[in-house]
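The same chain A turns up in both complexes below, where it pairs with chain B and then with chain C.
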Partner chain A sequence: MRSIRTRAEPLPAWAWALLATVACSQSVPAPMPAAAADAPPRRGGELHLASFADIRNGLDPVVSPDGLSAGPMHLIFAGLVDYDAEERIVPDLAERWEVADAGRTYRFFLRRGVTMQDGAELTADDVKRSAERALHPTTPDANASTFDDLVGFAAYAAGKADHLEGVVAEDRYVVAFHLAKPDATFPYLMTLPTLRPTCRTAGDRYSDTWLPCGAGPFLLRPGDWKRGVTLRLVRHDAYFRAGLPYLDAVEWSYNMTQLAQRVRFERGELDIVRDLTFADASRFVADPRWSSLGVVEADVRVYGEAMNTRVRPFDDVEIRRAVAAAIDRTQYVLMQPMTTTAMDQALPGVVAGVDASFPHQRYDLAAALEHMRKAGYPYDPATGEGGWPEPIEYLAYDPGLPALTSQILQQDLARIGLRLHIKLVSFAAFLAIQQREGGATMSQGNWTLDYPDPSNVFDTLFASSAIDPSGSLNTAFYSNPALDALLARARVEIDPAARMEMYRQADAIVCDDAPWAFTFGYHAFDLRQPYVRGFVPNAMRPLDATRVWIARPAPGARAPEGAP
Partner chain B sequence: MRHLARRLGWSVFVVWAVVSITFAVNDLLPGDPARMMAGAQASPADVARIRSRMGLDEPLAARYGRFWKKLVHLGPSVIDRKTSPAHATCAVVVPLGGSSIHLDFGKSFQRQQAVVDLVGDRLPRTAALALAGMLVQLLVGLGTGILAAARRGSWLDRALVGTSLLGISAPTFLIALCLQFVFARRLGWLPLDGFGSTLADHARCIVLPAFTLGVYGAAYYTRLVRDEMLVLLKQDWVRTARAKGASTARLLLAHGLRNALVPIVTAIGLDVGALLGGAVVTETVFRWPGLGDLSVHAMLDRDGPVILACVVVTSVGIVLANVVVDALYTRLDPRVRSS
Partner chain C sequence: MFDPRARARFRRNGTAVAGTAVVAALVVFAVLGPLFASHDALQSDFAHGVGPDRLPVGPCAAFPLGADRVFRDVFARLAVGGRISLLIAISATLIASTIGAAVGIAAGYLEGRRFARVLDVDGVLMRFVDVLLAFPFLLLVMAIGTALDRTSAVTIFLVLGLTGWLGIARILRAKTMQIRSLDYVVASRALGQPTAWVVVKHVLPNVAGSLIVCATVLVAQMIVADSVLSYLGLGISPPTPTWGRMLFEGQEVLGAAPWMVAAPGAAIVLAVWGFNMLGEGLRDALDPHEG
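Up next is the complex of A and B:
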């Protein structure tokens, strides 16, 4: 099958011009010296990373991973399956799996001799115990309902059963997951941290005081996590992939300002930096010594303008189409060109099978004005007369990207006679208002993919079943029976090609009905020192250090300046 | 004694009122702590389950009553958190033989940790930073204030007054960035940020945030001390002391400064409370893991137990500082005692 996976596109000319202008204003130092480019991988060394924020919830796989905990969690806890460098699902702790009962049973065959970080061998009982621990009603698991298709889930989650019927340890190395109905996304669900096997020290029930322990390539020692300050993981010497990891340790520093990160990166005290300001990142990228050291992941988050389809004027599809056609997405990308890509459809680049050639929500001012006319609110840009008579309240949160992009949206929509009144609130208030029925007329929407499958976007954001009066993830409160039926069929379709075709149809429906006007996709941009080798961008495994090694020059060797 | 008892009684009332208002406001504000804990992408079913686990589905009055009931209570002298879930988030504050007084702020919604542990970790760091900042502002402010008063009208006086204006006007983040740029990045004498892991590390790491914190106070104290001293040095009793042969140093330090201390102590009392609440900007820029940083994140995450703990600690700190200041007045100025 032809791969139509999309990566973030190269920067356009205007962006390079902007980069060059910014770059000329201040020079950047030379990269740290590194060994020759063909130096073989070697063991030892430490990788130092940083973030301006802090891990919010914790490192237990059963608590909701945030943007920062996902990386360390993947290193501590290996899963039965995982992603390869192309974000495809591959066996990990399981050496293989099979699908039976027409998609109702997923049977995983564990590798033999996998040693957990507590020294015990991984068995099917550990997988079952970890699953029951994660989905137990007393566990603060924010992903539990994701697994509600497991047989016996309802009884177990309600505390009416002692064990989860749908997870069966068939022998020491075989575990089966039985589903109430076929689910083509189940292998994706197994990539989430939630059901990753935990050491027996975790016990059967969640505890706040447990020291995270799994079967991953790095382990956490007591006292090595100083919350809000640093997290240090050291090599799991008995990791099941022989020879890996190469590094002795990975250490994250948290709550570090962007300025401090830049200074430390320049000194070689940080090895990879992700939180550079746009200006700083531009200077580095524009410098030929650094230009090859930037690493771009695939878009993993989709942004759009959510229009509440139950509230005027967005109960009129023509008005929504007008908005979708009036937005000049290239202006949005100007805000953060290093990390954003203009998007005119629902699926970001990390999803395999995205059809970039399909005519989606394209910027067309004339078409937007025509949609306004069809809606009964013609607008004359020359005189400024016409359009929707009332100001429309637009909800966004601050601090954050929406505080900036909302002003672009305001200008774009003014050209077709829609006047926005921007209301900036805290993120907590934003969620409370946006997810309540009738809470927001129009708001900024975004979704970070939990896994790179179209269902994670369509089922969650646009299916009628995702509407909830007080906590709706379908923030447009959009309901389309034809789309619902299509999504239900796609969910149980096992044939990948047929399934993807259904999602293409779903994409077309959503783009045409325009509950969201899609705007841009978001991806991480990392800059590495030249001595950091083996670092492969992977949107689903952020900052994965499993195969990274440090290639500093040998003592006394002449450093190949700037050579990656 | 009766005065002190009355002040303490009012202090208890003030703390109760502040915490109660915070409790109510935190509940009334839009935003769901369960949603913040579960994440923006959690399903409504999972959010509802987590809300129930956090006890947020109970009425406000029930949660308010439980908060006060748990805040200070009697319990066993030794707490084993694994075997005693009822005291899993407590800390022993006053041992009383067989039992002891416990302090319990509950569990952080976000961090799933006992809040007493969080505050117990952070408060000493904030207190150390506050103390260091206070030392900077006292030493620099008093020194330059006295110097400016002693050299009134000279170029030194004008330079010190002008510089103090800069110190008062400059925003904290700007001072912090300038100090980082000069002393950490250019000269490399001090760490850029962080807290360190040894006592020597802590000492090195605290210098720049302490100076950042102290610049405003030092500038303010410079002007305050100078103005007070200038007024005092014109008094008749100063002229008399000078006529009796008192040296300039004795006039300035023994007579002038002693009398100028009353307004300075007032300012210190207010500053101590503010500094204990956490110097948010300073802690953020210098990655100093104190109460300011904790309380800001708690506010953004709607982490009610942590917010309330920070408010309790801050309000207790402020009222205690003011009680101490009141007591100091009577030591510094006998007229206050007699009145």
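Up next is the complex of A and C:
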């Protein structure tokens, strides 16, 4: 065997250049040139977006949208109603609606002359057919039970009825939804993609080979969705809002690393970047040329430490209260200061009726130690004696924010005598374990709002009905009959003020019982090139491209100094 | 290393001496470093570790190598991480060397013989090695690591040790076959010495040099493997520091806080380079004919 001698060769010049680039890449390039701020909207151009992940669940509206499919789905499929800039529900494909029968009937009057992407006119029959398609028992959808208040839902979902009795096409342009009991959240449910009208090409049963087709401002052409790579939607020229959309196309690239996104954004190949690292975002924001081009979206995701109330030691409410009081939430948000806000209650700020002055879960180490004493496990921080005798397994996924915040939590809880053992798993394994009864003793819970109403948080995360031994969204497996009764009453309460008061009481119960120790709200941070214009601020539709236009400078205009 | 001529050859090899010095320095740093650190490696310091831009502070008097994402002292974590990374690498190497030597010597010594006229021990062992070698090493380690509870140092070095012996087995097999045919070994066997005696008296001393060289280089490979596992999130669970995990946690803020990646990155590079140079030096010193 001959020896392979190695020598200490000096680094080649390119390596030094690379190191210097990495070490000194503190400055950011100038924004791309743009037309004057008062330039009017104009047609044409494309919007390019990207993500480090990929669409998981497909683009059929009957399939639960994931974080990446919701945006394109919204552009392909218009709904009967939608949100305005203040997150109020307003008519969209419907020109108006009325509530009748003491809140048991919602009657929608459709706009006339709405052309679907297959060229046919939208009618009430399309709405009924789409609803029956979405809620049919053969449709692989986890959202169907959301609409179980519809009259005849049980028989239809069980396959005992050919049609859904509660959805009635009363004439060509009027469709009524009849509910078994009043439901104040029904208008919110109609903002979800599930029941959005589909083209007749969809048929009346789900098929995974169908090319998504609706009445939205952009349409998908065959071959324009390359799974895992790109999705391209082009303008629906017959969109019912005359003159919209302005863009010729919107294109998403998937599975693109954060670094690649930043580089392509700096080169103008992406028009908006949403997946900047915290450090990169900080650098852009610190640059006066970019500081006005960053957009902090609203908190639409709530995070907390979910404690399994059926597993020791968290079957003891005093231990849970101790955890809620031991967490210093200001430290949590230092992990991602650009995208997180400290939170001590169940409802993020975007939810109507949030009472920020209400005393929720607060950091109070003395109180936490007192709760430990009441639980029968007093802990002396001076000597380190006492506390819960066994290590507690904390489940987190990696890579991800929990891998960092879990280490903060571990330090916080050590101060009150709770020793965490952090177990990192993949995200898929995390979900499987967390949602199984007895799967995780403690884990990070998070919930992204489907709609900005308290019911979406409380009914989903803390109601007994949300417990499912094999796949529970109530990851604390928390059950409180008093809370269940309150939530049931709130759901049917039509008076908004009375309803909000009930949710305040629900918030107080959940904060006190502490199935979750709430920690922070999450919001996205976007950086947009200055030529991207026309976004309407909307917490639920942050990147709605319907009214967006591209304002490039006129040919011959000078680019700013330093522009690439 | 026991032969004065080998020692002299080693001392004349500047690169090998430098590698030894680097390895020694890293071991000293890992052992004594935590004693000189101003912070506990596992405790965040939110009072001093957070910079005005809300990023972890860079190298300064309180944090000689800066602070990490959780606002802990990178110096303290690098030293403690060094203990763990080196402990895992050396322990895994000891396991791999033991298994590799046993399999390689057994296969090489029994090559060409059949037990009960049927069992070809060498063939069975080497085909088993071939099968395992057909799997990419890291893929194999990751698969085992994922299947097991991979949250302790013991698990990691067992996984690495139980999968890292294949190369050593092949090399020692060839070396043993060569030694087995030497005249004095043949004579010893002809005089009726038991196989175990022949192996211990003649084979082991002759393959020891190759084994030491292989093991030294294997330490470097184990450091890389442990770092890769930690980097991929398959290593020891946090907050226990390892160099690979530190590298992983720092990558998101590479542009703004390069010290978080530079410190563990440099430690890995130095350790790998040091052990490789040490191994090369030992090979040249112990077996000059192959140099």
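By definition in this document, the second predicted complex is superposed on the first by the 529 of 564 C-alpha atoms of A that agree within 3 Å, B and C clash if a C-alpha of one lies under 4 Å from a C-alpha of the other, contacts with A are read in each partner's own complex, and residues count from 1 in each chain.
We adopt the following convention: a contact is a pair of C-beta atoms (placed from the backbone, for glycine too) under 8 Å apart; a residue touches a chain by one contact, two chains touch by 3 or more.
Not measured: the values here are computed from a predicted model.
Novice: Which partner, chain B or chain C, touches the larger number of chain A residues?
Specialist: In the superposed model, B touches more residues of chain A.
Novice: Which partner does A:410 reach: the first (chain B), the second (chain C), both, or neither?
Specialist: second
Novice: Taking the superposition as given, does A:279 touch the first partner, chain B, the second, chain C, both, or neither?
Specialist: second
Novice: I'd like to know which partner A:57 touches here: chain B for first, chain C for second, both or neither.
Specialist: It touches chain B, and chain C stays clear.
Novice: Classify the contacts of A:472 with the two partner chains as first (chain B alone), second (chain C alone), both, or neither.
Specialist: first
Novice: Who does A:209 touch here: chain B (first), chain C (second), both, or neither?
Specialist: first
Novice: Please output the residues of chain A touching chain B within their complex, sorted ascending.
Specialist: 54, 56-58, 63-64, 66, 137-138, 140-146, 148, 157, 208-209, 226-229, 253, 255-257, 259-260, 263-264, 425-429, 431-433, 435, 447-448, 450, 460, 468, 470-473
Novice: Which of the residues in chain C end up touching chain A in this complex?
Specialist: Chain C reaches chain A through residues 15, 18, 42-44, 46, 50, 53-55, 69-71, 151, 233, 237-239, 248-249, 252-258, 276-277, 280, 283-284, 290-291.
Novice: Give every residue of chain A touching chain C within the complex, in rising order.
Specialist: It is residues 1-8, 22-23, 25-26, 258, 277-280, 282-283, 286, 331, 334-335, 337, 398-399, 403-404, 406-408, 410-411, 421-424 of chain A that touch chain C.
Novice: Under the touch definition given earlier, write down the residues of chain B that touch chain A in their complex.
Specialist: 29-32, 35-50, 53, 81-82, 107, 110-113, 177, 180, 184-185, 192-195, 284-285, 287, 289, 293-294, 297, 300-302
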